[in-house]
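Take a look at the following structure, please.
Which chain is which? They are A, B, C, D, E, F and G, in the order written, and residues in each are numbered from 1.
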Amino acid sequence: MIDIFFILFAILAIGGAITMITAEEPMYATLGLLISILSVGGFFALLNASFLFMVQIIVYAGAVLTLFLFLLMFLNIKKEDLPHEPKKYMLITLGAVLMIPINMLIFKALSTLPNIDMVLVESDFGTIKALGMQLYTEWLLPFELISVLLLVALIGVIVLAKQKSKKEIKQ
Amino acid sequence: MELKKEEDLSLGDSVLVTKLDTAVNWARSYSMWPMVFGTACCGIEFMSVAASKHDISRFGAEVVRFSPRQADLLVVAGTISYKQAPILKKIYDQMPEPKWVISMGACACSGGFYDNYTTVQGIDQIIPVDEYIAGCPPRPEAFFDSLIRIQEKSNRESILEKDRQHDRDFKGFLDA
Amino acid sequence: MEFAAVVIIFINILLAVNLAVGTTPIMVWWERRVSGFMQGRSGPNRAHIGGIRLGGLVQSVADMIKLAFKEDFIPAFIKHKMFFIMAPVIMFICSFLTVGVIPFADRLVIDGVTYTMQALPIDLGILWFLAFAGLSVYGIVLGGYASTSKFGILSSIRAIAQVISYEASMGLAIISMLIVYGSVNLSDIAEYQGGLLFGFIPAWGIIMQPLAALIFIVAAFAETNRAPFDLAEGESELVAGYHTEYSAMRFGLFQVSEFAAMSAASALIVTMFFGGYQVPWLNTQALQENINIVLFAMMIILPATIYFFTQWIKKNNTWVDENDPRAKESKILIKIFKGIAIAVVVILALLLLFGLGTNGTNIATAMIQVSTFLLKFFLINFFFVWIRWTLLRFRYDQLQLLGWKVLLPLALLNIVITATYVLVLGA
Amino acid sequence: MHNKVYEVSHEKVRETILNLKENEDFTLLLDVTATDYLNYPGHKAERFAVVYILRDSTFKNEVIIKTMVDDETLTLLTISDIYYAANWGEREVFDQYGIIFEGHPNLKRVLNHHQFVGHPLRKDYVITDGQICTETEDLMDEMRPLLKQKGYEEDEVMLLNVGPSHPATHGTIRNLLAMEGESIVAATTEIGYLHRGFEKACETHTYSQIIPYTDRLNYCSAILNNIGYCKSIEDMMDIEIPERAKFIRVIVGELSRIMDHAVCNAANCVDLGGLTNFWYIFNPRDEAYEVLSKLTGARLTNSYTRIGGLSYDLYDGFAEEVESVLRSTEKSIDDALSLIARNKIFLDRTQDVGIITEEFAISAGITGPNLRSTGSPRDMRQDKPYYHYDSFDFDVVVGSHGDVYDRMMVRFEEMIQSIRIIRQAIKQIPDGSIITDNRAVALPPKDQVYGSIEGMMNQFKLVFEGVKVPKGEYYSSTEAANGELGFYVVSDGSGTPHKVKCRPPCYYALGAYSKIIENTMLADAVVTMASMNFIAGEFDR
Amino acid sequence: MGIKTVKRHGDTLRDKLYIPAIVSGMKTTMRHFVTNIKDNSNLITKSYPEVQPTDITDRYRGVHRLTKREDDSISCVACYMCATACPADCMFIEATERTDGVDEKMPAVFNIDLLECVFCGYCVEACPCDAIRMDTGIFSFVADQRKDFILSKEALLANTRSKDFSDD
Amino acid sequence: MTTLLGYGTIAIILFSIGVIGVVARRNIFVMYMSIELMLNAVNLLLVVFSKLHQDMDGQIIAMMIIAIAAAEAAIFLTVMILLFRSKGSLDSDLFIKLKPEINR
Amino acid sequence: MSNELLLASSVFVLIGILLSAVFMLTTYLGPSRKKGANKNTVYESGISKPVGGTNIKFSIKFYIVAILFVIFDVEIIFMFPWAVNVRELGYLGLGEMFTFMALLSAGLIYIYKKKALLWN
């Protein structure tokens, strides 16, 4: 059962990713990424990291990608605004050809790791409660830093955006 | 009115199709979602049709759709001027099949007493009409009578028949 | 897997599917009839099959069949046909999935094995709801975007901005509930609410956290695009919004998913704030212990209700024209109801006579709880309809301001208070 | 009783009007129209005359300025920079008569479609000469300059057509909006979708045959139009109608006003998304229609008045039935207000939205509730009382901000005032006949027609020739539901009018609409439109 | 007589809280709901095809009819008065000699196009011999073809005064 | 299949695709999304290892990465808007020459 | 992840997909698609040839709202693990979270101050 899901998610994730890098229209690229991200979320679920699975869907799929989509509609990118990429497919193939040996190398290295064949299935692990306990005891500082980072991002965005709107008024 | 045409029903006399026809026609007749093309006084009287006293919802037809894509019944209520004609035509064309048209009131049916340079002398010069209602404006009751007649008419159709006959033959002055 | 497990999973899925899709015609009917009565008119009452109208419920069936057999038209100017086709499907599946996590009854113990009464027995029920409610916005966006209609695009933008403005407050409201319940599992949450506060008030979410309940309900309205937040399809401005170019069942699917989302929202509201499947003052244990008394009480209450109901039918379900098949409906209905009443009484009497056994008691309890849940569910639905026909629509920016400037700070404040209170009291 | 018509030469007319506005306080331009004197008995001078009707700020006096237009050039100087209202007024004259106003910012057709050739109200245009329109105009010729003036490029905004077939515009108004996001940067309004040639039709029908046509002007309150028209003809002929007729006219007129306001407020609530109010407000309306139907023989298009009086007397039990209508109206107003009056959502949606300032309203020729909502207590019923309106105890209702909220509340409150008037009038109604016995005006009673040869002859004469109105021109106005409804009639002494021009109150309000909604949001534009009560039959005629 | 300024709500705290006003609105809708569901006869709705309208009196301008004299012959004398008075021009009358000696003329053709007719009642008012009336009480006339709306003399004669009306 | 090797392979493939996207495409939007994809691949590995070692830290780091990615997305997209509005294109080559213009 | 859960969820998802497929397949039941130039035009209040594309120049405020949402969403997600552990984490956790929320509110207040949410 789990294997079926694994294969399904693998196909979706890779398919989505390939759609993303090959798509001409940003809209399709975004949806490709969405599928990819949802499948990665699926992997999380298979790995019992259920909370992370939710985080993936809520934050990545639900918020960040919505933002992307929003931006696309916002900018209303037309065909002529897209960069002209005549050699796109060639470059991608080239990249793929280059990446395969590197991948093989990593793959080799990976297979020498201990426990490599351990099946990652059962066990109750990754519940929100356990995660919370660890996060709020051992990861105190990074957690607070994250909040500072978010605050900075927020302020940064507003400063940037406001700057633009002032300019618009002047026009 | 000849609604059933022989050749269209070549496979159509099977019991299954007849049963299905009955069911679909029943559903269609009780789910006439109107698109009200109300322009003038008749449009105001159509408001009374929707108001509590007369209450069009009894017939399941209170789901007034403003997008022609979701409507089944075009109610033309009010005077149609030449300026308005292309719009009416367009709305009618944009409606998906099967569709019915009620022409409500003297103006829509024949121009009424506006026999002049600006009024279309009957919307049947532009689009095919299934039901005319006389009156200026017709009473809400008259509208219900024609709605009931449309319901009966829709019961005489077959799902095998793709185009309705009067549509096929129709040619208005805006059809190039 | 055992037979019992399969049956229970099957039943749960069936319940959830019914809640998501099966309730749509009922809710449409509910909406039309209730609004009719609120406005002093009768609402749909003519559609009938052989005279049977079921108070207009048949009308919804007619609508569904009509939509299925209507011409489904995809205009040629639509560039992204795929998006156009996918949009309603995405929206439907997202709304559909949200219903899966609702517990319909307490954990059922059969032969010593415990089964969770959820179609999707996952732990993170609430997060699941949040996630898929957020994802369903893709449906609206793609629909509006693919339609290439200006109304559609405007509506998509409104929809995104609206959903995202309220998801934050909704999340915060949920957090303050979690502080109280100490779990994200909806089954746990519902179980918790079986307790009593100060010994006599049911410990329902709405009583413990009225503010969070209010915020959550408002946000749920916004997330499901219901009035007064139905800006995305605000008819007076945007014609039909993102589904302006949709026809036939594609449009129908949008409607269905809207109602499924509403179902999910009301089911969640019931679970979080109105005690879920809990019968007030009778939690699962109490129910199981006193099952005989409960059954006996039901034996009296049910026929009595049916009696009053038939009286009402006799008085109100009339038809002017004697010869119409519809005129005979009342008699048929009354007969059916009387039959039901007798059957129920007989069954209950038999059960009481022969005893239930442990499994039987548990199943009976579960059934009572499912009915309680459904009852509450429809009451919340009624509330949705009631609100819709009372209030006006917000304006776009006012809605956002309400979300960001009123609900969000309130929710934050609520969290602070709740957390402090819980800790101080707990310490 | 004829009001004075001042003739001014066409070089002087602009100066005169400017002078009148600045020094004589004639701040309101009621109407601009023209007369084609072709075939007018005894007319020798130039063919066209342009007529300006002005009103002073107290609403007590009006003045008519007439100027003959040079046949060669057909050109006049525009006054659209003096009065905002002249913008559309002059456009209409250009459309219907082909008179060119020099300096007008945008002189194009307004009522007829853009493919129309010729000018229909000229006497030599054949009335039945219809012209097919194959497609709608794109309106960019109006939009482009506007955008330029605002400093926008054409592709920086979204151009959205709201109407004609749109739930908010009731099928007859088209707005082309240039939008940036949700806010409107520029707007143009196009009308004429319901232009039915009322004025041309009047020229081929007798004076009394016109009454059914007036029903269809503001079809929400047909009787008020009947009254307005008949009153102007009666004034023109200098006949008094019987007292009883006056009181009945007041009663049914106010009843119509209630219904008109009800329709407006109900539609407004629908546009605000509060659908239930629609049914609450409409409930008494159907009752009122029943009363009117029993009284006049038709529900909506009553054609109740006749020149010189009324067509039917009250029926038995009228007073009680009206009282019950009034009671349920009061109840429905209460119900509707309980849903909205204090609801913050409603208040946010309506307060300070679609604001009209008093100054702008006057300049744009906006009258009636829309003007009163700005705080200006101008009501023809009190400023120039007719039919003993001055003897009734009622208040003129004014608002304070001129926004959507004020307009709605003013309408609700005016409904209540109308109820007061009706109650008083019903008490005071005298006995007597309902139509004058002047046989040159009114048809003889039926028994006389059947019984006496004299009556028969009278009937023949009136039916075949119509009521003979003395030669001349005349403007008279009443307070209709939407504001000042005026009729400017030119008679050549025969039974058919040479020209009838209706001064529809909402034509000018609509002309100002695109200015009012600038820089508001789409949703606001919709409610603003609903709150100003644009009735297509009236502005398009 | 005076000037009344409308009240402006929204400044009080109660108004700003949203909830109280919403609750009072909900009370109103609920009140209607409860009264109507308790007893359906409280509904304003009239079930039309079964329940007929009540405002049709003999003043009501329904479909026309041509009256007959006592001897069952047509009253109309083809004087064209009605056609002249008709603003919609929807009457078509052709006169012919009357041979039965009752009068000089009678209509050979008397058509009314009900689709054009605006039901103003002017024809009735104009008729000098009470030959045309609109008191049939027929308030609804629908058909699916335009020619069905042209009522001929025979059809008009066949219409009768509505039985519901009292004799005056 | 659901072994470390299996998950590892998927993660590597996703990562590689991300790399290719960044290198091969000139559409700055797609480039950015490729980076997001790489982050996801890393996250996946983190979670796998966390599971392997039965230690929560991997998941917590993954969560932090998601948070940082969100913050980054916010800033990045804002800059994109500004650039796109001033430049009207999504070509990454254009942006390279842009440096002095940003501060304008 | 247990097999049961997987089974249940896959069945549930499958039913969802199946249902939407059924709904979609009804397309073929309806009447034929009548081609027509007019029918294939976009609905815009019945205007023959609407001008201008669907390019919407949104106000930058829309965008700010979206960003705001992303950031708040992340913050909320971080609060969930805390919320279920409030009792266990005790006052330390409380203090931690209050600091976090204080920073969050600071951002919010900054936005209010900057009037980034106000239209007009």
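Throughout what follows, a residue touches a chain if its C-beta (ideal position, glycine included) is under 8 Å from a C-beta of that chain, and two chains touch if they have at least 3 such contacts.
None of these values were measured; they are calculated from a predicted model.
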item: Chain labels contacting subunit C and also subunit D; value: B, E, G
item: Taking each chain's C-alpha mean as its centre, the one farthest from subunit E; value: F
item: Pair exhibiting more inter-chain C-beta contacts, A-C or F-G; value: A-C
item: Gap in Å, rounded to a whole number, between the CA centres of subunit E and subunit A; value: 70
item: Chain centre separation in whole Å, for subunit F relative to subunit D (CA means); value: 65
item: Centroid spacing, where centroids are CA-atom means, of subunit B and subunit C in whole angstrom; value: 36
item: Shared-contact residues (touching 2 or more other chains) in subunit B; value: 51-55, 58, 66-67, 69, 86-87, 91, 96-98, 113, 115, 136, 139, 159
item: For subunit A, residues that touch 2 or more chains besides their own; value: 2, 46, 48, 50-51, 54-55, 58-59, 62-64, 66-67, 70-71, 73-74, 121, 128, 131, 135, 146, 150, 153-154, 157, 161, 164
item: Residue list for subunit D, restricted to those that touch at least two other chains; value: 135-136, 158, 160, 162, 164-167, 181-182, 212-213, 276, 279, 283, 286, 289, 299, 301, 339-340, 343, 345, 521
item: Chain-to-chain touches, reported pairwise for every pair that qualifies; value: A-C, A-F, A-G, B-C, B-D, B-E, B-G, C-D, C-E, C-G, D-E, D-G, F-G
item: Contact set on subunit G toward subunit D in their complex; value: 44-59, 62, 119-120
item: For the subunit D and subunit G complex, residues of the former touching the latter; value: 135-136, 138-140, 154-166, 169, 174, 179-183, 519, 521
item: Complex contact set, residues of subunit E against subunit C; value: 22, 25-26, 28-30, 32-33, 36-37, 39-45, 47, 50-51
item: Interfacial residue positions of subunit A with respect to subunit C in the complex; value: 27, 34, 50-51, 53-54, 57-58, 61-63, 66, 69-70, 73, 127-128
item: In the complex, subunit G residues that touch subunit A; value: 1, 3, 6-7, 10, 54-56, 58, 60, 62-64, 66-71, 73-75, 77-78, 80-82, 84-85, 88-89, 92-93, 96, 99-100, 103-104, 106-107, 110-111, 114, 116
